[in-house]
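Paired with chain B in one complex and with chain C in the other, chain A is shared by the two complexes that follow.
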Partner chain A sequence: MARVKDLLVSAALLAAGRRRPKLHADREPIVPPGEERPGSELAVIVLLFATALFAAAFIAVYALDRLPNQTQLLGASLGLAFLCLAAALILIGKRLVVTEEIEEDYPVVEHESEQEAIAQVVADSGSRFTRRRLVKASFGVAGGVLGAALITPAASLGPFLDVEPFYATTWKRGRRLVDEKGKPWRADDIEQSTFYTAFPEGADKEALPSSVVLVRLPPHDFKLPKAIANYPAQGIVAYSKICTHAGCAISLYRAPLFQPDEPRPALVCPCHYSTFDPATGGTVLFGPAGRKLPMLPLYVDRKGYLRAAGTYDEPVGPSWWGVRMRKPKPA
Partner chain B sequence: MRTRAAAIAFVAALVCAATAAAASGPSPQQVQQGKSLYGRYCLSCHGMNGSGVAPSRVIGAGPGRDQEQQNAVAPPLRGVGARAADFYLRTGYMPLQKLGLQPRRSKSPLSPSQMDALIAYIASLGKGPPVPKPQPARGNLSEGMQLFTANCAGCHQIVAEGGYVTGAVPPPLEDDSSTQIAEAVRIGPFVMPTFSEKQISDRQLDSIIAYVQYAKHPDDRGGWAIGHLGPVPEGLVAWFIAAVALVAVCMVIGKRLTSH
Partner chain C sequence: MIRKLVRFLDQRTGTAPLVRKTLRYLFPDHWSFLLGEVALYAFIVLVATGTYLALFYQDGTATVTYHGPYLPLRGQEMTEAYRSVVNISTTVKAGLLIRQTHHWAADVFVASIVLHLLRIFFTGAYRKPRELTYWIGLTILIVALLEGYLGYSMVDDLLSGMGLAIGYGVALSIPFFGSNIAAWIWGGPFPGQHEFFARMYIVHVFLIPALIAVLLAAHLGLVAMRHHTQFKASRRETERKLVGVPMFPGQAPRSLGLFFAVAGVLFLLGGLVQINPIWLWGPFHTYSSTNGAQPDWYLGWLIGALRLVPSFDLVIDGYTLVPNPFWGGVAFPGVVFTFLFLWPLMERKVTGDTAFHNVLQRPREAPWRTAIGVAMVTWVTLVFIAGGADRIDVLFDISYTAQIWAYRVLIWVGPVIAGVVAYRACIELQRGEPVEHDRERAEHEAKAAATVQDVA
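Right, the complex of A and B next:
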């Protein structure tokens, strides 16, 4: 942190201390001075402020979120911002910068005097600008707001401070597991070498932690760490259906028909082929996922229904900076 | 004399097999022919009378002795019934070229009548499920699509074009007959999950098959289907067509500027 601060301070000092060498006041102009065009200059300034305005509109539309046709509005505002910027630049190039005819290529810059001559050409070309500081300021405003608009979508990468919802779950001890129509799953319904989707009874099915994938494995196949060794019930295990990599639904189950010849059972995410081992607590066998699948503890009640015995051992969903800091909280 | 008698018996068996195949139910001769075919194509992996070969055991210890007893291991075929035999033989999944490979659709070395005989023999090994008779005409297309999305599309893609899973290749379903789809759902070949009647009823299976048959030639409302493979070919089209068009525009602009 301290190093970053040092770097920033020194960069600021360097930028402030840098001065362009003054040009000789009594020099001969290379580019003939052009007549002033205040109309064009004003148009440039207006266009640059319009750029800033549309870029700000992009940020506003992005932040308001619940507008109808939001995507179209986002596209239109950012597109108009770039259009105005382009128009301003074209206007400067065509109408304001005094051009000189090029007769031959510039020689390779070697000498001080030649460098000075080029600096003079640049300075002379700006003779039409009367309100230089205003033009510069409007460029600064347009560039600054447009830059802010372009980095705004990064806010969607996740909340930086309000992370409490990431630890919340819809599961708690005693909640029955139901199918998508709300029918409770019985332990007898769950067969080997196939997979089922389940949700918590009476909770929001759309919530990220709700959906789980249920599979039954032969009891002697399990190799679970001690902390989660009692999570399966009668060989049935439940894992969060949301991949820990990018949050896709785990909709592939690799179930070998004849295990000696074939790959071992695994839950696979169709997006990037993260592959998880249901026998070892959802550890990653292959793919880009950085951590194991959250596992839901289960028990079978006296009537034979499957119930959650608590909540997951890990936070659900794609990984983020605090994912290993705490365990999820029951609802 | 003996060989001639054997030849006559063989020809007679073939004729009987052909007539029996036309009639319903396998004849003893057909089963016998199937048994000899079994000896030729299946025995080395599936063992005597379909008993299966257990995973290899280490025999003894010591120098040169701790090697595996068996390399060829395959599941027992007793009780798999005509359903599994029909599926694996008619798709050309079996006989497998090399052990440990995923069975893929291929040209079978067996003729259709030989397949009938071998299926009859394997069905005779033990009581097992018969070849299913699905009726996709009874199925409901929209229900079929929903069921296919929920249970099958993860691996086989939404229009059954096939896809990938780590360690295996879910095949495209374009060449599968209705019967083969019904068989595969119940058997779960290779690493495919097995769906019992409790999970997907026969009626629902009819709907799924109706959808798969529809998906072979779907109604492409959006226009160009580009192989129905989703965003990858669409991205390639964007690069190969749009990028080339942009480069062409750039070249035209460059030409005009230099000629000016």
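Right, the complex of A and C next:
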């Protein structure tokens, strides 16, 4: 019984009792002593217990699965636990440890004799060399060629010299145009004032040259240059869906449905708002693109399906140094 | 107890003198000196949360069909990479909290680096003997931008893919080698080989974090070797005398407190403020994109630059010398970073100042530096704001086209005006200082005289 009482008393003392640390009168303190601040001390203790409480709440929320707003509760409990701990530490730093503002010399600016000694050690060490320049040059050659050898395997990453794939396309004469699910597009499916995405039948949809946008325009709207004047079929035009600026998909069609029906219908890329005119062969109306959209020639077969009459008039995708040097290759 | 531990360690390492010196290492006290610390703590949170995410992320690009609990995506085809991040966000307990905290930490990391850089620039803290520290810091900023870009590209949601497509377009636009470099990095034309994702993954979770850690160590080591710069707050601070709070006991609890505060705020953000809800964007396909997409804030200046350049490729006789995205995606950040790297050398060349500096300047004390710095900040900020012109169009119905034309003029006029204003402001502030001093002294004397009268 007495032992229990002793324990209780010592626990109470631990919780509430205060004791000044022993001061050594016989030596000079390095950190100067300061006055007591029992209020701040108490606040620190409360904050630390709050930290523990919030941390426990985090574990509880995690363990109690299927709480609504679990992410919010987890974030709030863990965040508040950290913030309480932060507050306790900042309180200690600002109010409880003695704040000293002391002075110190900046490090010496330089060590001239040491610098001299280093240079001398290096210079003196080479006394046995008589053909220094040749030795240096040999090291240069060895280092350069060995370095080249070591970075050679990096060439395996990709075909650095082969730019042929940039001219390749997935279209050729006769390929049917299909939708995302593989269903062939009929000319009759294509209506005005909206746009459709099409792919070459049987080809990889993700390859950049595959996707095209289909748009139907009133026949008298077309102002196509001679070379591509026969690319539309029954007023339907197909353009590469990949923007010639930076390679995003052109997924906006600006087509005013009511008066005033200006500005003209245009294909727009949402990344940097390059704007292309579908009536003139995909020329740039606005935005940063430096090249017109590649146009795909079309025809309608006897059953009414849309088919490619060849491949694009220009390479697909963002420009590179060779983009204007050659025509794209049919599949 | 402490004595025993110290003796044990000293007898085995002999580091007692070093530790003693370190405990009394001085930190000059100013709020702006904490910005770099915030970046450091955000980095620690990034490594911790990122390690957790890496335990669940898969870098596979094989097509799979989603059968998880998130109904809108059920039955959709996607890559393993995207599915694994959807799973982290939906089925892994606490996964969404950690993912969002990681994303917020990345945004805060870059933000605090940029603010830290501004403080360093406008107070002349980069001057001799601290140029190396400055250049290493700039390198960390560049690497951090790349790290953030790879981080959100790895997810393979729709926005990731759009970002990668733009990165590919910018790589292609590099004069003479564009397609070669792109083919080398991606393994062929976009979207490239499967290995590309493995490459992004290892660079994002290992190579760059390790590089940042090494650079950080060098950065902090250099700071410690030359000690921190200080403001001239009183007569005590000089070029030779440092005034500050010792690491222990004064600074340690404050810095630790700041660390936990940063962690706390980041976890609160991660839990309470949604960021990049990738399940809404859906998987990426080369043939899809969405309107209203904005990148993380620290890439906003590049989007703005890409959008502002007028329509042209520089072509010489059929050879495309400079494709359009080069200007905004490479040349613009290239100019900004070249300026930042060369600035300490340019300033020294012009001023002929080769002295050692430990006392910082206030912006007004170096009007030319402040003016040029303000002009640069204005330039980058205007381009950054131009990147949001489409949102302004939607929110306030101001024509996008008209805005872009306005910005095309404004980004050149604005910096000049801002620079001139900043210069004048510095001069006026300098002129005002003696007046201010006199007034304060007069007031002080009047007060003292009044007190004497009262006593009498």
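As a convention for this text, the second predicted complex is superposed on the first by the 167 of 331 C-alpha atoms of A that agree within 3 Å, B and C clash if a C-alpha of one lies under 4 Å from a C-alpha of the other, contacts with A are read in each partner's own complex, and residues count from 1 in each chain.
Note that in this section a contact is a pair of C-beta atoms (placed from the backbone, for glycine too) under 8 Å apart; a residue touches a chain by one contact, two chains touch by 3 or more.
This structure is a prediction, so every number in the text was calculated from the model and none was measured.
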Contacts of A:S211 with chain B and chain C, given as first, second, both or neither: second
Of chain C and chain B, partner touching more chain A residues: C
First (chain B), second (chain C), both or neither touched by A:V31: second
Chain B versus chain C as contact partner of A:A266, first or second or both or neither: first
First, second, both or neither for A:P219, with chain B first and chain C second: neither
Partner chain(s) touched by A:D189 [first = chain B, second = chain C, both, neither]: first
Chain B versus chain C as contact partner of A:P68, first or second or both or neither: neither
Touched partner set for A:G287, first chain B, second chain C, both or neither: both
Touched partner set for A:R254, first chain B, second chain C, both or neither: first
Touching both chain C and chain B, counted on chain A across the two superposed complexes: 197, 251-252, 270, 273, 286-287
Interfacial residue positions of chain B with respect to chain A in the complex: 55, 73-75, 99-100, 150, 153-155, 163-168, 187-196, 198-199
Contact footprint of chain C on chain A as seen in their complex: 31, 62, 65, 70-76, 78-83, 85-90, 92-94, 97-107, 109, 155, 157-163, 165-166, 168, 197, 199, 205-208, 210-211, 241-243, 245-252, 269-274, 284, 286-291, 317-325
Residues of chain C defined as touching chain A within the complex: 24, 26, 29, 93-94, 96-97, 100-101, 129, 162, 165-166, 168-170, 172-173, 175-193, 195, 199, 225-227, 236, 239-246, 249-254, 256-261, 263-272, 285-293, 303, 306-313, 315, 318-321, 323-325, 328-329, 356, 358, 390, 400-401, 404
Contact set on chain A toward chain B in their complex: 189, 191-197, 251-258, 260-263, 266, 268, 270, 273, 275, 285-287
